[in-house]
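Each structure below is given as structure tokens.
Both complexes below contain subunit A, partnered by subunit B and then by subunit C.
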Partner chain A sequence: MSEAHIGVARPRIDAPDKVTGATKFGADGYVHGLLHARLVLSTEAHARIRAIHGDDALSVPGVVAVLTAADLPTATTGTDRAAEPLAREEVVFAGQPVAMVVAETEAAAEDGAEVVMVELETLPPVVDLEDAMRPGSALARLVEKAEGGSDLESIHAGVDHGQEDAEQEQLSANVLDRVQRKNGDAAAALDASEVVVFGTFRTPWVYQAYLEPQVATTWLEPSGTLVVSTGTQGSFVSRKELARAFGLPLDRVRVVAEPLGGSFGGKLALIEPLAAGATLALRRPVRLVLTRGEDFLATNPASAQVTHLRVGARKDGTFTGIEARMLVDRGTNAGWGVEGITSSLLVGPYRWEAHDIVGYGIQTNRFTFGAYRAPGAPTAAFALESLLDELAEKLGIDPIEIRLRNAVVEGDIGISGNAYPTIGAVEVLERIREHPLWSARASLPENEGIGFAAGYWPGGNEPAAAICRVDTDGTMTVVTSSVDMSGVDTGFAVIAAAAFGLDPNKVRVVFADTATGPYSGASGGSKVTYTVGKAVEGAARAARVKVLAAASQELEIAPDDLEVVDGVVRAIGAPDRSITVEEIVGKALRYGGRYEPIEGHGGSAQTRGAPSVAAHLSHVRVDRDTGEVELLRHVIAQDVGRALNPALVEGQMRGGAAQGMGWALFERLDHDEDGRLLTGSFLDYAIPVAERVPEIDTLIVEVPAPDGPFGAKGIGEAPVVGAAPAISNAVAAATGVRIHELPMTPPRVWQALRQDSGPTETPA
Partner chain B sequence: MIPAPVRYARATSLEHAFQLLAEPDSKILAGGQSLIPVMKLRIARPSLVVDISQLELRGIDVRGDELHVGALTTWDELLDARELERPALAAIGECVRGIGDLQVRNRGTVGGSLAHADPASDMPAVLLALGATLQLRSPEGERDLRVAEFFAGPFTTALSAQELITHIVVPLPAPGSGSAYVSVEHPASGFALAGAAALVGRDGVSRVAVTGVAGQPSLLVSGDPHEALEAAEIFGDRFASAEYRRELASVLVRRAVERAAERTKGDA
Partner chain C sequence: MLEPLQLVVNGERRSLDVEPRTLLVHALRDGLGLTGAHIGCDTSQCGACTVLLDGRAVKSCTLLALQAEGAEITTIESLASDGEMHPIQRSFVENHGLQCGFCTPGLILTATDLLSRDPDPSDDTIRHSLRGNFCRCTGYETIVESIRAAGAEMRGSVGR
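Up next, the complex of A and B:
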């Protein structure tokens, strides 16, 4: 096995096609007889559907059908978006699809959708999270429906769901879930602390803002198999959801995951059921491409959250107790919410003597909650890291030093009672402390500040399989059912090349569909490289065993005395005694050939997680008169296990940090009092565009993950987690004012500076 | 994102444009940077689009003591114009650089933007401060209108149905003048939460205008501009309160005047 290609920065395999427009995305493929669907969305946040009139739409030339819930052959009565693609009797958020116009052209579908008349009887909308959980509050959903059994939560993170609920609490039926995590006596630990700080932290709904809006194209094969070509993060997840929704056997649904134009957690079986429902109803191919406006209104952004947090420390900086109540807005998602994840991540990568954290998943009439890069982690880190900064300040201890004194190491017991696996918290904190920007903070001009924060993501596990096949030209094809996102193919290629003994340029990676590929879970939870990559490594090794066996016969040397280097099998210590892989495959893949095809199958089933810690420095300038926060420079240090391709790793670090800048300064999905979205376009919803993102220094820290391929681990989610609190801590350093609500827009910063005492606090 | 059914006609002359615009639900298309998006969102649904982009209403030149800008001049052409390279007109380039992105500046026209009359549009404040006049044409003939009399409210102007802007005329400020435009943009749209333009003469007398804070841009005529802002009716929304916008406008007025005054030193 040659590791020479590991750790070398190389261009992404998919880059040329993506840059030149050769990549076919979900909306690009041609299907004969294709119809186009356009949605009719609810204009009310909460209402009963009285009637839907499609006659005018049907009279538009080109319109084939106007479909409502009754027309879709759904097989379950659940309230999730797969089981109820179109609202059945009750509308539960503004933007919920209530009807679908299907036409011969996109224009006809749009003309038709415009004249569909929906009669709604308005019900009281539930939009205030804190009101929603009080006993006696209006309910966000009146019609009871049986749950369908979706298991989308498990895709994202390896966390348990807390302890059994011990305490009785009077709560509204809007509270769908209450998670309590408790160890020791947190209140007593806080009472005995020298310093205690507390705060209430608010974060809004945040949109994933992927470049490519959601898309699905569906058709029926002559055999009756439903084919779904879609931008999804998980083809097997989509298949399962579709089979459940329409009562189809798994083998009658074939999901083809097309290359993703961005996703960040938001693309999992959300719109496939709409297109599939139309195809099953009409027996025609149907494509649904959301417009940007529909994508804002009808998809599944990250939850708003309110976190009441109190933490304490001793004089020497040792963290004592942590107590919290975390209110998570699930919107209309009855299946799952992030209260489980966010409550488990609130403690950060730190040791606590005692904790008592309660998370609530609350339904409201806003959106359907969905995953967004490290779901629940940025919100938790914003609260925790802001207060840790205050603790450090009150104790007169350097903010990085105080975290180092409490940082977990392998073997420490985590919030679930399990020991931490290998974790690079100390290494990351020590590395970023050495960055010159940190020492520059003592000598800054007025109104500038440098802030620090850390964040981590536990990583995810899910068994996966892969196939490696070597062709007669000596090239290798790697087959997995992962999806084409964030350059995973380039990672797979270098893993396979190193495990087999090939030049990575001779490896091609194929993303298979659910009918043809080996199993792979959804691309989420930062687990693709860690789990599927491990399977690829195994498959390449298995193929290597085959080539060694054949070469052993050809060269008359025992396999153990052979090595494979850059496509040549040679005797260890006698490199002139060799045969090329190409030659061996040529002897195998032919009529009457002598050797088994040089192919390997590999699998993985890790049980140990591989958490990744990322720390940030942010340098800001605040305009006290206008409230504008300018980002001057950013530094991120992250433990990545092993950087298989540093260029891609740095890309993930920068991208995550940039998205965190969006959380910090720009992004907020805002509704009016009636629950109607006010920020449903990029004219209203700001994201961190290139001109607002400063130079980002990346510091790669490598603490190998024992179970990862060549020590690598999942790295996609950790970099977004701590960015926002680093920026808010920088604002505090610049102004002396702590802002506990995101995003820190100019009006909000201006307001906070004018009050000059920060937001009003109530104890947790 | 597909417009409602619409007919299209390209005007070959002003007279042809007037004939086409006789249709009640017709709409003028210049650079298309405002009209096309609202048509795609079906907020605007004209029956006929009259494309005037081929009319010869383009170009920048100095005639005597006036700067004449054709209504179809694009933002990018303004940025390239040598005629604007003087401290007294610096506000124009400063304003244009903050408009849209390169693609928008390549297509978007000054006249189209003024006629669209977005209350948060930047250029009206600059033209107000510079005391500009608009030349308008309709089947009834020509008329000149001061920019201060042109805007009638959000997306509303003094233009009659068949009337269009042909030129923007800016009187060249006295030697030794300086101008400036400063704004704080909405982070998503790039339109001004508040913007302030100032023209300062060698004698220190200034003319100040603001945009983004009310239904239309306005000249702060009477005395101290900060007092004028205190008395003005200011618009607020969930992103930025009226209180914030008022304070912001006041800060930006101060900065614009300071910067314009600084520039007076550079005008020979």
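Up next, the complex of A and C:
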């Protein structure tokens, strides 16, 4: 086994196809006899459906059908988006699909959708999060429907729901979930603290804004199997959801994951049920490609959140108590919300003597909540890291130093009562403190500031399997059912090559579908490299055992005395006694061959997580006349376990930081008081463009994950977490004014600068 | 009602019949199978559908197919020649200027236009030229590097 190829920056395997336009994304493939679907979306946030008139649409040339909920052969009565692809009886958000026009062309489908008449009886919309939880609030959903049994939460993070507090609060039935995490007496710890700070922090609904709108294409094979070609983060998850939604046996659903044009948590069994429902109803191939406008309205962005937070410290900077109430907007998602994750992440990668954190999952008539890169973490970090800077300031301790004094290390007990596994918090903080930008903060021009913040993501686990096959040309094919996201295939190639003893350029990686491939969970929770990568390592090692056994017979040397180096099996210490892998495979894969095929199967089932910590420095200039925050420079340091391919790791770090800049300065999905979306296009919803994103320095820190492949782990989510609070802390450093609400748009900053920096809001 | 349309696409004369309302991007994708032009928005913000029209980068969702009558269109599919990637394409591969790749064809064609007019652009100029091309994955830095390096290589090859 050679690790020579690990840690070398190499281009993505998929890059040549992507730069030449050869990659076929979900909307690009040709399907014979394809019909096109267009959605009719509710214009009301909350309403009862009186009637849907499709006659005019049916008279449009090319329109084949107008489908409503009653036309789809759904098998369950739940309210999740798979169980209820088209609204039945009650509409619960503006943008909810209520009907679908299916036509021979996209244009005809669009013409038809425009003339579908939907009669709605308006109901009081529940739009304000804090109002929604009060007893007596109008309810966001009136019609009771049985639970659908979706388990999408488990894809993103393993979260327990804490313990229930005995004391009962008076809450509206809009509060679907209340989790409490408590250890020790937080109030007493805060009372005994030398310094206590508090604040209320607000974050809006934020859109994943993947560049490729959601797409699914479905058809029936002659056998009756439903084939679903889709941009999904998890083919097996999509299969399970579709089988459940339509009452089909698992083996009658075949999900083929197409290359994803970005996803970030947002593409998982959301629109497949619409296309599948149409195909099952009409027995024809159907493609549904959302327009960007539909994608804004009808998909599943990250939820708005309000965090009331109080933290304390002793004079020496030791953190004492942390107390919080976290209000999480689930929109219409009855199945899960991020209150479980965000309440567990609020403590950050720090030790606390006592904590008492309550999270509420509250339904409103806004969107269906969904996951977005490190769900629940950026919102928690914004609140915590803002207040930690205030603690540091009040105590006169350097902001990084105070965090270092409290940073968790392996073995410390976390909020769930479990000991932390290997975690690189201290290493990351120490590394970024050495960056010259941090020491530059003492000598800045007026209205400039440098802020620091850290963030972390616990990482996910899910058993996975992989197959490695070596062909007669000496090349290896790695098969997994993972999906094309963040360059994991390029990582798999390096892992397989190192574990077997091959040049990575001789490894192909194939993404199989649910009918043909070994099991992989969804690509979510930063677990693919850690878990599927581990399975790939196992598969390559198993194939290596086969090639050593065969070579042992050929060379008459015991397998233990052989090594595989760059595709050659040779005697350790006597490299001229050798045989190529190619030659051995040639002796195996033929009629009358002598050896078993050189193939291996590998699996993984880690139980320890592999958390990743990322820290940020942000250098900003604030224009006091306009309130505009200009990002001048950004630094991110992250513990990545082991950088299998530093170029791709840096790509994740920079990309995550840039999305955090969007959280910080630009992005907000806003509704009017009736619950209609005000920011439903890229004209109204700003994502970071090249001119607004500064240079981003990357500092890779490697604290190997003991259970990961060659020490590697999932690293995609951690980099987004601490970016916004670093920018907010930079704004505070530049102006002396702390902003408590994201995004920090010019009007908001301008207003804050004009108000007294005055008293912070009252504690919860 | 279909109207006849003549275009020169990637150096070949192409004839097709389109509805008057058909956008150029739909004519290229659905009519000619050139799916390297991607559709990322419906408000002409994202730039994923960028092609070259008579040598200049345009978002192919901003004009009707019929408005392009007689024009020379270059799509990402023809940028490589004789199996050799264009220096800008190669530079995006080598400098990791892509992740999901959905925005990449548009970015490369925008860069092609930029470098044809300004062979040695500053980083600020590059970033400014990309204001109509969104990328959600990379944070742009490696894209800027890719274009800068491609410019350097193309200048060098002109001198050779």
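Quick note on the criterion: the second predicted complex is superposed on the first by the 759 of 764 C-alpha atoms of A that agree within 3 Å, B and C clash if a C-alpha of one lies under 4 Å from a C-alpha of the other, contacts with A are read in each partner's own complex, and residues count from 1 in each chain.
In this section, contacts are C-beta pairs under 8 Å (C-beta built on N, C-alpha and C of every residue); 3 or more make two chains touch, one makes a residue touch a chain.
Computed from a predicted structure; not experimentally measured.
> Determine, under the contact definition given at the top, whether A:A690 touches first (subunit B), second (subunit C), both, or neither.
Touch status of A:A690: second partner only.
> Output check: A:R654 vs subunit B and subunit C. Expected answer is one of first, second, both, neither. What do you get?
It touches subunit C, and subunit B stays clear.
> Is A:D28 touching anything from subunit B or subunit C once the two structures are fitted on A? First, second, both or neither.
A:D28 contacts subunit C only, not subunit B.
> Could you look at A:T291 and tell me whether it touches subunit B, subunit C, both or neither (first, second, both, neither)?
Both: A:T291 reaches subunit B and subunit C.
> Spot which of subunit B and subunit C makes contact with more residues of subunit A, would you?
If we count touched residues of subunit A for both partners, the winner is C.
> Give one of first, second, both or neither to describe whether A:T626 is in contact with subunit B, with subunit C, with both, or with none.
So A:T626 only meets subunit B here.
> Per the contact definition in the header, classify A:A107: touching subunit B only (first), subunit C only (second), both, or neither.
Both: A:A107 reaches subunit B and subunit C.
> Would you sort A:F682 into first (subunit B), second (subunit C), both or neither based on which partner it touches?
Touch status of A:F682: both partners.
> Is A:E673 in contact with subunit B, with subunit C, with both, or with neither (first, second, both, neither)?
Neither partner.
> Now for A:E144: first (subunit B), second (subunit C), both, or neither, which partner does it touch?
neither
> Residue by residue on subunit A, keep only those touching subunit B in one complex and subunit C in the other, then list them.
106-107, 291-293, 682-683, 687
> Residues of subunit A touching subunit C in their complex?
9, 11-12, 14-25, 27-28, 30, 106-107, 209-213, 259-264, 289, 291-293, 485-487, 647-648, 650-651, 654-655, 657-659, 681-683, 687-691, 693, 695-696
> Within their complex, state which residues of subunit B touch subunit A.
Those residues of subunit B that touch subunit A are 1-2, 4-5, 41-42, 184, 186-189, 193, 238-241, 244, 247-248, 251-252.
> So in the complex, which bits of subunit C are touching subunit A?
Going by the criterion above, the answer is residues 19, 21-22, 26, 29-30, 33-43, 45-46, 48, 75-77, 79-80, 85, 89-90, 92-94, 96, 98-105, 108, 126-128, 130-131, 133-144.
> Subunit B touches which residues of subunit A in the complex?
The touching residues are 106-107, 110-111, 114, 291-293, 625-628, 665-666, 670, 672, 678-679, 682-687, 692, 745-747, 750-751.
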